[in-house]
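Two complexes follow with chain A in common, the first pairing it with chain B and the second with chain C.
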Partner chain A sequence: MLSLYVPGASPVHRAPAGLKLAVLAVLGVGLFATGRLDLVATALLLVLATGLLWARLPFRALTAQVRPVWIWLAALFGFHLLVTGPLVGAVAVLRLLTLVVAAAVVTATTRVTALVAVIEWLTSPLRVFGVRPARIGLVIAMTLRFIPLVADRAARIREAQAARGADRVRLAMVVPLLVQVLRMATTVGEALDARGAGDVPGRRPRRRAAAENLGTT
Partner chain B sequence: MKTKDLAYIALFAAIMAVLGLLPPVPVPGIPVPITAQTLGVMLAGSVLGARRGGLALLVFLAVVAVGLPVLSGGRGGLAVFVGPSAGFLYSWPIAAFVIGLLTELFWRRYNLAWALVANLIGGVLVIYAIGIPFLSLFGDVPLSTAFTGSMAFVPGDLVKAVAASLVAVAVHKAYPVIELPARRATAG
Partner chain C sequence: MRRGRRADAAAAAAIVPRTAIEVHDVAHFYGDRPVLTDVSLTLTERRIGVIGANGSGKSTFARLLNGLVIPAEGSVLVDGLDTRTQGREVRRRVGFVFQDPDAQIVHPTVEEDMAFGPHNQGVAAEETARRVEEMLVRYGLAGHRDHPAHLLSGGQKQLLAIAGVLVMRPQRIVFDEPTTLLDLANTRRVSRVIDALEQDAVVVTHHLDLLDGFDRVLVFEDGRVVADGSPGETVPWYVARMG
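Presenting the complex of A and B:
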């Protein structure tokens, strides 16, 4: 399954997902509250030590997630060098880099299912507004299941059109694809209803079962 | 909200993910390659309407946050939510909601022109109105610099708005998913 999770048994891996997210949030607030280079640099070193030494993540696992941000950070530093000076620039860049690496560590050490559970927990206060957290879990499970399905349908339509001599991706292929997958989603919704997923009165148990049957693989 | 609506929401979140897996498309005459994902934002709003479209994008962001590399270029995880360009991500659910709202408003006389209006306002204006101030705030750069830097992406977004509108009008005819407000109000 495609995921940025790197399996492991370190204390960081085993820490509760909610705790890790809370630490990340506190770090984010703290970093933006300070403008001191030494504090920000220390934070970056601590985060790197947590990821590489404590969680024993391969260096590549972190750089893979940081790479997309490099260009932004470089541009940002270049701008500060020209306008406000190197010190402010270094703080701004290191601050963002620290946060990005910290977030990468959380992502690499926490299973998708654990994070989905945190989302369900975080959204549970929304019950007041009629939101049912278990249904959020169901939607995420369905999304994970639909990704390969949609990709497969797209590939099939592309092949069919290539066989007729169309060599480029065209709008004409997007419409039949959308209609196909919309029809599929309608069927899935009806099938879930037929199995009791839409029952409102019973609080949770059945919907849980539905989410598990759909399988996050 | 019915189970069917949940399936539509999940479907468009999945479509966003598949669009992210596509390689960026270079367009002749425009220096910046087009990543297809804002196309997904526009389609979600145009096909599903305000509520479901906005929720589809929220679900997509949740899937990104839990660590699937489904943003264009194989990005994902929590890291992208704290980068300087994160504001553009946060703008997506709102953009899809606004597009959906306008689409529902125009639904009875929906055609290419109205679709374009909805996609340009929601899919271009709203996204930049949120993304640019965020870039300026998070990156410590003045608003004007963030603005000029982002303008490079506008031509691509205009092309995407046209493409999304053409598709949305065709889907509106072939498989309309939005029901008119009077009927939606009675739905659970």
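Presenting the complex of A and C:
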């Protein structure tokens, strides 16, 4: 999600973000509604075919998302071997694997702004309670933007501490990191003001891109 | 070459409305500590440099010019608009480029971040897309449009930050030490970008080379303007004073 978008012009790339998220949601419900191994395995094959053949994504774009969860999938299968049996374990593992790969296909074929536009649309009914969907979207986008930045700052602090012989004291990095993040937050706040973030009207002007992503035009 | 670009920019500037910034009897404090004292200026020149030692009040002064900082005493008027009461209109006229582009880039990818400002201004999607495309091409970022911003080089990030301001079509741009975090090649690149701008610019900097050909340079010391004149007059004086 942080840097997973793979530019392309495939039908999957061009499909509205709202439709892709809806399909993902339906797939999730469907996978947990069935306990049949053949159906779950078929779903995985279809998702792989969608990603590799239809969206023409590189194989590593999908495996990169699966790699961090392999250990948990293996643990889950081991747990089921001990408690319920190999068939139930295989279904459980394939369900999660299918969902992870499907989510990877969605994020690799959808720009963050398109996903944020969908979230803004989904939260738009909250306007009656004074919530500003545009702000929610901005918060999500900024979260995605600043996670790697904060991680980078943390790595620099670790290096600085290691250079002075404190390479095993992880807690000692919390305070300087917090200070740096708070200082950066002040500047980011100024930058948001300077770039007109406070000017966003309660109801955004209709955007062609957002509308297209929601499939409403 | 440098002069030629500036001449081109000056010719192009004829189509960009000019701004006049009036600073009246401004004083500002952080807690009890005065950071600006008795500052009164009128800024109308196309290229104005601001120099001074660390803590001399340069950055606070820069932030006054587009209403990011409201003075504790006195007033700042941009084309007659008071930053205290008409900050939104002022910020539409005066853009601001920060020292650290990482703090200015708020969206995950290049193209998305560039569209952020116009979107906030309510610019139509087609016009935003056109402006963004123009900026991507102008600053050599077209091949990076979908790249995560955090993976850009320092120079590319600063260009993105500048483009993110230019795409909002301000009349004057304030740069707060735009080259401090850059290497020599990128410093020169940003310098050329500033040279070529159609807009008026105020540049706060420690890189005195950046001020070559500027119309006016202000020297700050302990929150006061201690020298005000052409680069030929003020820069050697400042260098001598710094020892």
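Descriptive notes on the structure:
The rule is short, and it goes like this: the second predicted complex is superposed on the first by the 134 of 217 C-alpha atoms of A that agree within 3 Å, B and C clash if a C-alpha of one lies under 4 Å from a C-alpha of the other, contacts with A are read in each partner's own complex, and residues count from 1 in each chain.
As a working rule, a contact is a pair of C-beta atoms (placed from the backbone, for glycine too) under 8 Å apart; a residue touches a chain by one contact, two chains touch by 3 or more.
These numbers were taken from a predicted model, which means no experiment stands behind them.
Legend: residue contacts after superposition of the two complexes on their common chain; A:163 is shown touching neither chain B nor chain C. In the superposed model, A:82 makes contact with neither chain B nor chain C. In the superposition on chain A, A:5 makes contact with both chain B and chain C. Touch criterion met: A:150 reaches chain B, while chain C stays clear of it.
Looking at the superposition, the partner that touches the larger set of chain A residues, chain B or chain C, turns out to be B.
In the overlay built on the shared chain, the residue A:179 is in contact with chain B alone; chain C does not reach it.
By the touch criterion defined above, A:33 reaches neither chain B nor chain C. By the touch criterion defined above, A:128 lies against neither chain B nor chain C after alignment on the C-alpha atoms of chain A.
Shared-chain residue A:192: touches chain B and chain C both. Chain A residues in contact with chain B (one complex) as well as with chain C (other complex) are 2-3, 5, 112, 138, 142, 144-145, 149, 184, 188, 190, 192-193, 197-198, 200.
Only residues 63, 66, 68, 87-88, 91-92, 95-96, 98, 100, 102-109, 112-113, 115-117, 119-122, 124-126, 129, 146-151, 164-165, 168 of chain C touch chain A when the two sit together in their complex. Partner chain B is touched in their complex by these residues of chain A: 2-5, 21, 24, 28, 65-66, 68-69, 72-73, 75-76, 79-80, 83-84, 88, 92, 96, 99-101, 103-104, 106-108, 110, 112, 115-116, 119, 135-136, 138-140, 142-147, 149-151, 154, 169, 171, 174-175, 178-179, 181-186, 188-190, 192-193, 197-198, 200.
The touching residues of chain A, when paired with chain C in their complex, are 2-3, 5, 7, 111-113, 138, 141-142, 144-145, 148-149, 152, 184, 187-188, 190-201, 204-205, 207-209. If you check the complex, the residues on chain B that touch chain A are 1-11, 13-15, 17-18, 21, 25, 43, 47, 59-60, 62-63, 65-70, 73, 75-85, 138-141, 145, 149, 163, 166-167, 170-171, 174-175, 177, 188.
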